[in-house]
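Chain nomenclature is as follows: A, B, C and D, assigned in order of appearance, with residue numbering initiated at 1 for each chain independently.
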Amino acid sequence: MNKADVVVIGGGPAGIEAAYNLARDNHKVVLVEKEEEIFGHMQTAYTLFPNFQDASEIRSSLLQKTKHGNITLYNNAEVTQVSRENDFWRVQTINGLDFIAPAVLLASGFKTFDARYKEELGYGIYKGVITSVEFEEMLKVGKIQTANGEKPRRIAFLNCVGSRDEKVGNHYCSRVCCINAVKLSIEAKKQLPEVEAYCFYMDIRMSGQFYEELYRKSQEDFDVNYIRGRISEVAPTFDNRLQVKCEDTLSQTPLKMTVDLLVLMIGIEASEGTARIGEQVGVNGEYNFSKSISLHTADNKTKHRGFFLAGTCKRPLTVPETMADARAAALEIDLYLKSLSQ
Amino acid sequence: MKKQYWTEYESKVADDHYYYERSCIRQSFFTGSEEVFINIVRDLLGKDIADDMNLHTCSGIGYYSGVVPLDTTMTVVARLFALMTEAGYKNFVPSCITSFGLVNEVVDMWHHFPEKLEQIRGYLKEANGKEFDVPENIAHPCDIIYKYRKELKEKMKYSLTNVHTGKPLKVVEHIGCHYAKIFPRQVKGGAEFPQVLVGMIQEWGGEVVDYPERRHCCGFGFSQYMVLANRGYSAANSKKKLESMQPFKPDFILANCPGCTMFMDRWQYTIAETEGITYGENGMGIPVLTYEELAAILLGYNPWDVGLQTHQVQVEPLLDKMGIKYDPKDKYVGKSGAFLGEPEKPTHLKVKAYE
Amino acid sequence: MKDLGFSISQSRTIDLDKSDLSAYRRVVEKVPSAKLCLMCGACTATCTARNHTDFNFRKVHLLFRRGQFEGLAEELDKCMLCGKCRLVCNRGVNTRAIIYNMRIILENLNYKSIK
Amino acid sequence: MMNYHPFVIPFTVGALFLFGVVFYKFYAWIAALDRKQKFMVKQNIFSFKTIRAIGEIFREALVHRNIYRKNPVLGYMHMSLAFGWFLLIVVGKIKASLYAGTFFEPPWLGIFFNFFAVDGHAFSHSEMLTFTMDFLLLIILSGLALAIIKRVKSSLLGMRKTTKHSRFDRIALSSLWFIFPLRLMAESTTASLHGNGGFLTNSVGHLIPSTIAPYAELPLWWAYSISLFVFFVALPYSRYMHIPTEVVLIFLRNWGADTGEQLSGYTDIQLNSCSRCGICIDACQLNFAAGISNVQSVYFVRDARYKTLSDEVVNNCLMCGRCSNECPVGLELTLVRQQFRNKQEIPGKFYYEYTEPVESKAGVDVIYYAGCMTHLTPSIIISMKKIFEAAGVNYWFMDEDKGVCCGRPLRQQGFIQQSKNLVIKNSRIINSARAKLLVTSCPICYKSFREEYNLNLPVMHHTEYIEGLLADGRITLNASNVTVVYHDPCELGRGANIYEQPRNILRNFSLIESNYEKENSLCCGGSLSDAILDLRLQLKIRDHALGELTKDKPDVLVTACPLCKKSFVHGNKARVMDIAEIVAGNLKVIASKKRPVRKEELQLV
């Protein structure tokens, strides 16, 4: 059994940022990551909204932070058990690691919605239907193409897939998809200026700083079209393209259109790790997201002393929000550890 | 204090020497209006105003109905200006709001396209050898009354007060669309807060009613009215306005546009005849006056000399409220002293209270 | 009433002060999920009757909600009650039940009663 | 007068009243049968079917074999009361006839025999008959004891819910509870005075102090007679009306009467045959999965009978048919409910005039009609296309682009006239194609095609069709180690009796059984027939069903209905596939190019 000051579960942006800030305050931090690689979902990101910052810059910055002398990083270390032992927390992993520490930070993040549940949208059935994550990967390698390797003439983005959907049990808004669709459509137009981009939405929620400006920019400079209506059916055409159907609710008329790629803006759900550890520790809230004791005044603390939360294990958050939350969590833990030593 | 944006807009009215262009609708339907206006300006205000026998249409109704081409319209307007120039005047005062809108529009187009002005000069010359100057000042007669409203008030025998209650009369003011909505910056208060009638009403003791459809069109709509099939749409607009003002119980409607006066007055008959609906008190409708008529009766003119008997909605209850004396027997007596006969009674709209 | 060769056009404004909103309240009593509709139009897009007509459930539902019943009974007669729309509704609105209830209210269709 | 005492009057008056009312009702109902039902009666009244009916009456109305099979304790309770009482009357009658020496003794003699026959051992077989009577009384009393226990605590008899009672029910039930204990006490008291009882009544008689017996005897006989009177008078208006009515029902059913589309005398007979045993409440998923316990068939029937039906009770029903399946009386509850849903026709109104008939394609063997819902599960359509291609079938996809609904959803909401218009439209398209077979992927359409349409070709659901293709060797499947559980869709299973075909297909996989197979299968909750149920309750029903079906953690939950698939797939428990999908995924023809589906590939996150 190894001792540490803090065990941080999850090597994504939240975990690394918190670990680094704790390390700077001279705490011995153990950072466990279930995958071979760190960065979590940041791994697949191409650019970040709203300023199109290259995600690789964020990755190298995060990587640099993990090199801090007070941080010990363990990869392939999926956490199997978190339990309380007297005043300490014990964290065991799948590869046999066993830590004991006065504080644990849960930064186990989110997973994306499995679009196969929405069969009528044809994901997993028609090759032209892809998820936003897959589209981001296409952008990253600079190859936006259909399954046949052709350049798409028209791309449609559909918002709210797996979010705001009672049928799949997710009533909440994932918050990032609207702006992400704007970003993706702009990136698509940057790489393929000839392509026509259409965003299908129920509501457009541009709540963050510069979001509205980006939305405007997508219309003004990139000719992205916005249609208020939810696509409810997808069918193949004779030439292996996709016909999407929705109602153009503003003109009160049904609308159909042929596209080459349909990008489903899949929502955010609690990751399996978040759900499992939350269950073990007893901090599970709604939709398996973890629950802090006070949203307004103690959003990093849980009802258990020494067990802290950071990032998207709590709710859908953007990257800057996640990082800020991680720093706030580090401060809370620092104060907690100091109170113990007094 | 709230900032009153309308004060930024100002109409420019010449001080004297007006060339008066009579209105087709006003002189036909509200026969006393123009006569008393000239009277007021000449005799009470002591101004020089020309009343030319040779005047003709401005073709505005044809133009706004989309049947008279632009060049024709401009040439007709140019002839009016030629008459003014021949008479030695520079200040054009069209009695009709549509004329007012049209001449402003024509002059504005000439300002932007001087070659058009030259072309029109050529047309007019070719047609009847006339030449013209573009007026230095175009003002509507209501602007003149507004300008001298205080002087006139001093001479008035009556005020806009209900003599029975002592309270101010509630007045709906209606501005013609072509007065303020084409060139809002050239009229007092612009298109949203036209002050011209408001100024008169407030100065003369009345209270302006601010109701939801205040800025809505009277319903004339030119081709909407001209084409029988569209006429229901025209009447529907007046109905919308009347329904909107009805809960405020206005004592009368004051308009500066002859068309508006005409439609808001006559459509009350049409609505009553086709749907059985009447507005105002006791089923008698809401009286509609032109600003000249109002000024005249306040100054003490005999209402029957002003032409109030030619209105569809009867004005006696209003006159009673204002305490204005009139002889009911004189109502349908002509200038010669002979009885002209009484008009037919409408089915629903009442012409006498409590009958 | 006199025939003047034209009739005064009816206003196309939805005047909520004068609209009958009670009918919709009756629908909501039977189908509480009706309140959840956010008018995304997925139902209209997937509609089976849509292939044959201009039937637009979302629009009909909204007009009914606003108390504008003119012509709605004829519109509702286009629906085949197949229930496909219910399956695509994100908000879990029982669209089919809304149509069913609107139809009953508008056409005043009654059950047969036993002798 | 001999063998007479005034206390027999309440009994006699009650009995006369009862027979009068019951026969009047029977007459009215039979007169109100519809034309087809009357024809069937005339056709079959003098046939073997009548004898079969008598047998069934004995088995079901007296012995209650069906209830016994489902719940032995409950069965015994019903049997002891019904058959016991019946025998008590029969044996009492024999005894009285023997005693009086005539077959035409007064009717009350058998009922109050012990009071009159104080010398009760003075005729042949009297010992044996007295013993029998006491034995029957004991049996009835034991049944009564169970009934009281059931009322107090139903779970002791293995029932989750028992029915709530109406006022007449309570009167009849209370008097019923009194009849036999009072009879026991009256007979015992007489036995203690005269020693004319059997093993039971004599024994109980010994316990009665001899000082009280002479004073208690007459009041007890009076009380017994009055309790009979109350029961008889309340019976026609209480649930016990089912006792006489069920006899009529069994005759009519055996003669081939059909519930039909519209309300008729047969509906009344079915409504009055319900004993309100409450078995349907236990069968109903709305009850045990969604917690709704006021709309089940027993309440529907009760409300319909007393004309207090509410919209909710008629319409809040999945129409899954589980209750009809369980009903010990064999009432066609779903069909009767449907009769009450049917709307009055609007004369002269033509619906769906707008639907331009789709041009039918000539020269094909098979017409494929996917169904509206199937368009939201495109993998079923793709799979069917694959299967048709693999089998080399010349087919026409009828509703690929512009389908017309089959009409059943309208019918289930009672819009019969509208539904018929759609049937006409579709029939015209299908029949003009002159094909050999119609295949559909939707059990709702399937049932509709089979029952409502008049087609010139046979109809198959794709389970039947695929089974046929496999049997004929037109397609073959790879053996697979994937474990599957099959869910019977309501309309396909209970609705159309398609049970074996899907199971035959799934033999190619590792088929495991759930606790809800075939007739006992559950509804997925997505039923179109319930226009009231809201999504939350619907999901409760789905989650319960899904939990039951996936108890043994199968790799795939297979079903054969797009609605069931859609319901279950969102439940997030197991990989859900239509039977066509799993077949298409394992076709051997395609296997030359592609390997069979492996377990790992089926795991859905």
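As a working rule, contacts are C-beta pairs under 8 Å (C-beta built on N, C-alpha and C of every residue); 3 or more make two chains touch, one makes a residue touch a chain.
In this text the structure is predicted, and so the values were computed from the model without any measurement.
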Identity of the most central chain, Cα criterion: C
B-C against C-D, pair bridged by the larger set of C-beta contacts: C-D
Distance-maximising chain from subunit D - centres being C-alpha averages: B
Intercentroid distance (Cα basis), subunit B paired with subunit A, Å: 68
Mean-CA-position distance for subunit C and subunit B (Å): 47
Rounded Å distance, subunit B centre to subunit D centre (Cα mean): 83
Between subunit D and subunit C, distance of the C-alpha-averaged centres to the nearest whole Å: 36
Touching two or more other chains - residue numbers and ranges from subunit A: 120, 166-167, 233
Overlap residues in subunit C, where contacts from two or more other chains coincide: 46, 87-88, 92
Residue numbers of subunit D (touch at least two other chains): 375-376, 535, 566
Which chain pairs touch, all of them: A-C, A-D, B-C, C-D
Residues of subunit C that touch subunit B when the two form their complex: 1-11
Footprint of subunit C on subunit D - complex, ascending: 32, 262-263, 267-268, 304, 307, 311, 314, 339-344, 346, 351-352, 354-356, 372-373, 375-376, 401-405, 407, 409-410, 413-415, 418, 422, 526, 528, 531-536, 563, 566
Residue ranges of subunit C in contact with subunit D within the complex: 30-33, 46, 48-49, 51-53, 77-78, 80-84, 87-88, 92, 94, 96-97, 100-101, 107, 109-115
Of all residues in subunit C, those that touch subunit A in their complex: 36, 38-47, 50, 56, 58-59, 87-92
Residues of subunit A touching subunit C in the complex: 120, 160, 164-167, 202-203, 228-233, 245-249, 252-255
